[in-house]
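What follows is a short report on a single structure.
To keep things simple, chains are lettered A, B and C as they appear, and every chain counts its residues starting from 1.
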């Protein structure tokens, strides 16, 4: 029984790259279902794609995850296959896989994909998605190869990590950042509701949100319908993190909050006491 | 035998939203084929997506239709499952499903999806595509649940309709609107050939097309090849409505006809007699 | 056993066109896997899509190829089905299929799709992807029809060819053109490494690249990692042609090389001797 393959890349849809990888998968794992997690993550932005994969992984069918955001293709970065309780992750050794692998409990085995027998011979060395990663994913998904046949095992501490920003609590304030703006303009922070609870900020409170030197008073509600059209709100989003939204609008534009921008939360009364 | 699922949304392809819904469907209905009807309809534009679904429905394999354009997520709008002779439609109660359901002959039963057993528990309340609609679609497609298990039945007259503009005949003129500009710039009107025939306008005639205060003389032909490169034409389009096109060009730009713009047709001689 | 169908078009993803074709394929060939080669090739640009298909074809599973870039829909251009050793190609007779068919060794039989029994009756004549090509592809893929049932056989010399630019060698220089800029900004030329070798230009050499009146000295390396970040390189790309790239950048912008722009290569010493 062939396993499903979840495929993520930054190839976009303007060329035939995604289609060619699908072709390779269909040839080598003809009975595997392929799920496109997404292919329009910002070019070469490992962090953005890694966070998307981390948000998605628990909703993807167990099997094989093929992820290719690979600005270092053609350098000596390794190609990895990581075995986990969810299944096998295949991709470049640049941090892309790390948070999703951690999310499902970590890798029980990691190999460096080096065995040329599992690769497609190519005139050039620039399309490892097609020539190296897709064949490896198909071999694992179809059961035609075990992970050890792809190459030598390497210790987890040699893998390139992805450094993600941590939140910081200072007095009554918690500082973090906007780490994802979705296509609706909703801004996810890296601050969890339990971080806020530690400061005594809870659902139902009005929260002071500081972006740059601007303070906004924003109610923490449970859904968009709890505020009027056009008003800002803070809520626990579909992934479980605190997020800023504007009902019927775009929080990124109205609060001036792009990806990576620092954001500080405080309980309303502490903020006004400053 | 698992039924195919046709999936339409306004999620776009920049995030992992579409992929996550595919993941949920693959987990819960692993042998259902999933057809992407389209995911780049204008954000929150219920009418545009509803019209697209109506144009598409007769070409989609009978089974389950999962449609999510849901600007009211997080308010108290209902989640619907509607049984029809084509199959089951799943989506928000905001008019999105109404014209396609009408197109296939109307619903024989409608339920409000409320049973939490069929939903995915979520920290937030903003991604009903993933947590409410996709699981319901998968349960119906796989045969794991009957529509009645999703929630209580509700009468059809409580469903939110989609108000679509009607055409109006005044003397020798018929007024309607441009209700779809396709990606090639072709402009579909809401005027059917039978409406025109009622005014004595028929294929082969030259038609006066009024947009704003500008009059255009446009031949009603049967295909693009019947006019010269760069010339405008009116024809019955692939859905059966009167549409304006420019051979090798964009009618929307050349005739200044965006979606929703009023357009009036008259037989050439009546127009010149004005 | 139903064959896979590889589907390419210029329909884009803003409308339901791609989804409707998938629907027709799912209805008529319910057990055929469908691979999207790509749908965002430039509108009506037969050459761009034909080259993409030619690059992709060897990676697609043998079966049926459905290709629709069809600016002449609604004229008297023919609809073709071409039998090859790879499988069957279906599409308009405008040069779109020619290079890919040639790449797999040429057609053993070509028919003009004319049999109305295999088509979907339509009110209009503008969506042959849905009404003519998709049903033909599904009939062949499912085995429900042989190619001869689609219409009369026509001789290969009546097919519209695709005229592709040739390279030209003058003294110590070889002139060609940029014929594909991929989404990463890499510029593929129509010059092969064997053409360069004929002039004594080989991997490891520094090559003089002339664009307009500007000369660039570019090293011919085997992969991106062989030059520093931000530097230009020439290499054999993943398809086997000479391509210009900038590590971590866009060669199209930095070398001013759009699709169709002339480019001349010479060995460094010959160039400086000029």
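As a working rule, a contact is a pair of C-beta atoms (placed from the backbone, for glycine too) under 8 Å apart; a residue touches a chain by one contact, two chains touch by 3 or more.
All values derive from a computational prediction rather than experimental measurement.
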Is it true that over half of the residue numbers where subunit B touches subunit C are used by both copies, so same, or is it different? different
Inter-copy rotation, subunit A to subunit C, in degrees (Cα atoms; steps of 5): 120
Chain centre separation in whole Å, for subunit C relative to subunit B (CA means): 32
For subunit C, residues contacting two or more additional chains: 13
Under the stated contact criterion, what part of subunit A meets subunit B in this complex? 4, 6, 8, 13, 33, 35-41, 52-53, 55-56, 59-61, 182-184, 186, 222-226, 235-240, 243, 245, 248
Quick check on the complex: what are the subunit B residues that touch subunit A? 11-20, 22-24, 26-27, 30, 43, 71-76, 120, 122-127, 130-131
